[in-house]
Amino acid sequence: MGRGGRRWRVLHLTVLAAGLLAIAISSIDGLPIWTDDVLTAIVVLVAVVFFGEYLVRLWAAPESNRFAGLSDGMARLRWALSINGLIGLLAVFPVLAITFSSIHAGNEWAPIFCVFWILKLSVHAPAMTTLARVIANERATLASVVIIFVMVLVTAAALAHMLERELQPKVFGNIPESLWWAVVTLTTTGYGDVVPKTVGGRMVGSLVMVSGIVVLALLTGILATGFSEEERRREYLRVWDQVTRVPMFAELGTVTLSEIVSKLRVRHYPPRIVVVRRDEPGDSMFFISEGEVEVRLPRGSVALRQGGFFGEMALLDRLPRSATVVTTQPTTLLVLYASDFYEVAANIPSLVEAVEREARRRRAENQGAPAKVETP
Amino acid sequence: MGRGGRRWRVLHLTVLAAGLLAIAISSIDGLPIWTDDVLTAIVVLVAVVFFGEYLVRLWAAPESNRFAGLSDGMARLRWALSINGLIGLLAVFPVLAITFSSIHAGNEWAPIFCVFWILKLSVHAPAMTTLARVIANERATLASVVIIFVMVLVTAAALAHMLERELQPKVFGNIPESLWWAVVTLTTTGYGDVVPKTVGGRMVGSLVMVSGIVVLALLTGILATGFSEEERRREYLRVWDQVTRVPMFAELGTVTLSEIVSKLRVRHYPPRIVVVRRDEPGDSMFFISEGEVEVRLPRGSVALRQGGFFGEMALLDRLPRSATVVTTQPTTLLVLYASDFYEVAANIPSLVEAVEREARRRRAENQGAPAKVETP
Amino acid sequence: MGRGGRRWRVLHLTVLAAGLLAIAISSIDGLPIWTDDVLTAIVVLVAVVFFGEYLVRLWAAPESNRFAGLSDGMARLRWALSINGLIGLLAVFPVLAITFSSIHAGNEWAPIFCVFWILKLSVHAPAMTTLARVIANERATLASVVIIFVMVLVTAAALAHMLERELQPKVFGNIPESLWWAVVTLTTTGYGDVVPKTVGGRMVGSLVMVSGIVVLALLTGILATGFSEEERRREYLRVWDQVTRVPMFAELGTVTLSEIVSKLRVRHYPPRIVVVRRDEPGDSMFFISEGEVEVRLPRGSVALRQGGFFGEMALLDRLPRSATVVTTQPTTLLVLYASDFYEVAANIPSLVEAVEREARRRRAENQGAPAKVETP
Amino acid sequence: MGRGGRRWRVLHLTVLAAGLLAIAISSIDGLPIWTDDVLTAIVVLVAVVFFGEYLVRLWAAPESNRFAGLSDGMARLRWALSINGLIGLLAVFPVLAITFSSIHAGNEWAPIFCVFWILKLSVHAPAMTTLARVIANERATLASVVIIFVMVLVTAAALAHMLERELQPKVFGNIPESLWWAVVTLTTTGYGDVVPKTVGGRMVGSLVMVSGIVVLALLTGILATGFSEEERRREYLRVWDQVTRVPMFAELGTVTLSEIVSKLRVRHYPPRIVVVRRDEPGDSMFFISEGEVEVRLPRGSVALRQGGFFGEMALLDRLPRSATVVTTQPTTLLVLYASDFYEVAANIPSLVEAVEREARRRRAENQGAPAKVETP
């Protein structure tokens, strides 16, 4: 994401927060009359900004990657009907509601605006896609957990109703009431508004609580397994996208490359961030796939651009960092950890050679034209 | 599962939900008298449907795979005594109870029908077998966690009883009462109906709460480890069942094949589902092991049947999808992710060749007979 | 564990349960006087049984594996000072307390007997050793989680005390009182006996709750990682102990063997258990390392002893089981799952050959002497 | 950490505990007047000790590894501005506050000292760095979980406010009030001070509880995955630092070595600790990278120093330990488990040879000069 992107994100989140805050404040009773006008104005303003965003996005839809092959009109229609398009439309609804009806901030229906707006947050959570894929991949297993959950709920509610209705007709008097108790207990929330008092009811309750922690453990196990596999796949694709921009990897064959790709990690840095600090111990080397860094050596600074690498001494000689390295632009680095470097080296001796050769070449170059492309 | 299977499932779940709902409503007090007759009728109807299901399943038992070698009578007896047979019989009980006695919906014993019926849900949760195997495999370790659980419970109840009985004789007055508090606390449910008030009691309570989160963490760790291993094994068998239907894998030796099998994933799709969408980025290729898909190219549609594959360009050239692919029948696909493709390629160069050769062959074929078997 | 061992375990647990139950009942107020005598008698009896167990174990200590090299007296002293020895002594204490003082079941100090006795449960939880090793291995990381836990507790208690003492001087009036609230909140137990009411206090409370789920997630992550590694190591040793009893593995070299050992699983079966059932699909083969099984073929039964294997057809030909196999003695089997068989086969082609050769040899033998050593 | 280091740690923790306890006690109402003076004295003393520590650390900053290349003044300034420096300064604040103003133990602002001091605990939690790196590495995914958390919170608060405000205007009367309920429910704390009572509100509440356990499961999955990977990397570096001190590994090539490094585990032992006990079964061998151990054989004791190894018979011959081994100094050992030994052996036959050769060499040496460097 470039500088413009980050500025846009901050602005978007600020507008969103302002809107939600205005609605939240307007729901408080006993505020002076004039605040209602101010808050309504803020809500309208926020909705107008979102309306503008909606129009811009609708207009720009044909340029989007996803609708590349379609005619302009079709691309816009498709975007309008996509999830993002519909969320965008819902977020605009408040301005219409306030303009054309008596709904305003402070009105009893205003809190629903919060729900429309908070959905826009999902744009800022790219990992939500990962989550959706995990749920899709594990849907058979998750469905079984949901079925276990429902079976425990219904059984518990029916039994607790039978055992407790005599003593507590108000809260266990019918099965729907009992279900509320069962949900509160199975999730181990335990409000305490409904509590079994007979010996039988307490036994049922104990089993429900234990089932609750078993269900939680199962759910965690399934999601953790699926999540870790999905993350591995996404990271692999992210690295593959970046690795082709580093010339020294281009020399390697596909097979060797695919081995390395699974060991590299992608890290995005904004400008003016210290990546490594002189004299600190290091456990990784870095390849620049995008952007530029400044290597601050004692006798002056050196710029390293796309395709360059630094930090290899920490891996080859286990020495502390010999220079501080700072990003000068938004920069993407590929990180290779020491633990993986030697694992890779065991299978692919050519990598060690390549790194050493490149390092030697640069040093030689540096002696002819001093302090130009030295690496820390 | 075919179309009939899916329809049957929807019907079965609807009948089940209707029955449970009727019982739940009939437990509410103060309903008009006539509702009782209506609800009793629904309950009888649901039980009759389940009775019919029971008879059909009993009759069909000899055709089932599991009882293939037995005589018809023996196969039916064996099914009747299996877990599914017994659950089926229990679900029929309500109709007998209503016909031959004074029990009806609204009666105080009716809620127990819920418990009989909800067990039928387990038929729709195939992953419950996985769960059962995980518990069987890890039973030694799980037993130890249960023992830790019981040890903490009894110790906590005895100590809390000794420390709190003076101040709160009503709720800590004897050990069984104290046990209820211990369960509620150890599962971190915390109703708040019983709360220690002495300094000693609160210290014991704090330790019980901390033990609670440790027990949960242990349980999660054990189940997560066992679950991930069991899932790997089941997926392997699922893939092995499918992979032999794809001719191009049949050419490979067993050793190469077993390497590939552990990297493939099975996905079942109903008809009319978009598998890949034109212009979207892709990270996987697909082999058809059952069913048929329609490849929607700009100049017309093409059908791909069992043994075909598509999506390989996303892996070979890292291009976006060149066509939309939609299933026309219930279809089973084998998915190979990019991250695994190159891993496999590193060990088995022949796969890359095979995919490339097959792709080249098809293109050549297509030039003779245009737009027949092209792949996206 | 042999038959005697299992009988002993059931007896031991029954005695333990009887003792705990007697104490629990005696703590209930308002029982008739005569029950006190009966319950005291039961408690004394249980303690006497445990005293007998203590003496037997003390006597048998020199025969134990652990103290093999020591003189008899030293071995007994060492056992008496070991954890199990001390627990054994504590469990005997009640009989002394009742005999030599006025303490009896129903007395206010009797509940402490529960705590002494429940410790004996740990003998039945062999996986507790695994747990202890995991905690020892991860102690540095776990200590950090405990430190985070304490830091959040103290900070939360101090801040909540400052923010809430005005409004709720009774429950937030001093820091020790506040700490109780902090523990109840951080473990997400949430009794509700102490609840912050100021805006500041609620913000602190919200952060504590969120910290609570983060701490739980961390703890789970650490224990799950450590547990899965420790289980792998223990299983490896268990298999290694068994694998040398199977002659066909003895032919393999150490390197090949160590590859196989990591893929096998040990399963202990009591007698008369169905291991595989005819006509069911199979995903594993079995090697007998101890005991005996009966293979029930249509034309008669066959016994297989130590060193034999069965179920290989499910792996080689993917057919359903051709016979039911039942254990006739306590039997230890080594399981090889299909998913691992082919993985092993990819690295060690000799295994497939060995299994096929052995299977062929047996069939040939069977034709000479029919129905003697056929495998399902 | 040497002996001095451990003594310092115990002292530091004692002073810290004394300070926190003094503040905690002083917050209790109704103490006699004179206690205030005593407690104030303790608080001042603790702050003075921390002041001394601050000065010593500031003075010693130039000798620290991190600031090796800087001038003395710069190094001190840099340390003063580092996190540890600022925490050190904050911990000194109480003594200034008490000296120059009317604040003293028992004063209403004193509890804030707890917060300043408890931060010093973080010095004793080295794994906190691991934790910080995990959070940094997984920040994109964790941010998405936080966004899901906020979305559920705001949606739940807005909906519950709309559904419950009629019935319970006091606790659901405005959105900020509703948010408190949403946090308490989403973290499954469930105080029970605010509970929905309408059917709609309870449905929203049920969904929030279920979301709560899903969020916890996700968080656990992410942290567990990241944690296990980070631990692997740190352990690799720890082993790499130690492995070069063992001469027999120095003979191996880098590639072979990197394979072994990933299988070894580092364990630090204080003096006089029993590492292995005679006659117990063993599953690991040990290499000494620092310190010294005493091997207690039947005919006398033998010292083993840096570079030595012991316990190899447990791996080669699967025999119980033939000697007890006790540390005589703070000692660092590299552990190789049986499960990993054979895995390594499968890839690197030279290791088995090296261990066997070394063992043979020693035995030969021992026969010339008996009982000198024998290993158990």
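Labels for the chains are A, B, C and D, by order of writing; each one numbers its residues from 1.
The rule we apply is simple: a contact is a pair of C-beta atoms (placed from the backbone, for glycine too) under 8 Å apart; a residue touches a chain by one contact, two chains touch by 3 or more.
Model, not experiment: these values are computed from the prediction.
Peer 1: Do chain A and chain B, two copies of one chain sequence, contact each other through the same residue numbers, with over half in common, or through different ones?
Peer 2: different
Peer 1: When the CA atoms of chain A are placed over those of chain D, what is the turn angle between 0 and 180 degrees, to the nearest 5?
Peer 2: My answer is 90 degrees for the C-alpha fit.
Peer 1: Which integer distance in Å separates the CA centroid of chain B from that of chain C?
Peer 2: Averaging C-alpha atoms per chain gives centres 27 Å apart.
Peer 1: Which parts of chain A, given as residue numbers and ranges, touch two or more other chains?
Peer 2: Those would be 176, 188-192, 216, 220, 222, 224-225.
Peer 1: Using the touch rule from the top, collect the residues of chain C that touch chain B in their complex.
Peer 2: Chain C residues touching chain B: 20, 23-24, 27-29, 108-109, 111-112, 114-115, 118-119, 121-122, 124-128, 130-131, 176, 180, 183-184, 187-193, 215-216, 219-220, 222-228, 231, 265, 278-281, 283, 298, 318, 320, 337-339, 342-343, 345-346, 349, 352.
Peer 1: Applying the document's contact rule, which stretches of chain A touch chain B when the two form their complex?
Peer 2: The contact residues of chain A facing chain B are 65-69, 137, 140-141, 143-145, 147-148, 150-151, 154-155, 157-159, 161-162, 173-176, 179, 185, 188-192, 195, 199, 202, 205-206, 209-210, 212-214, 216-218, 220-222, 224-225, 232-233, 236-237, 240-241, 254-259, 261-262.
Peer 1: Can you list the residues on chain A that touch chain C in the complex?
Peer 2: That would be residues 188-192, 220, 224 of chain A.
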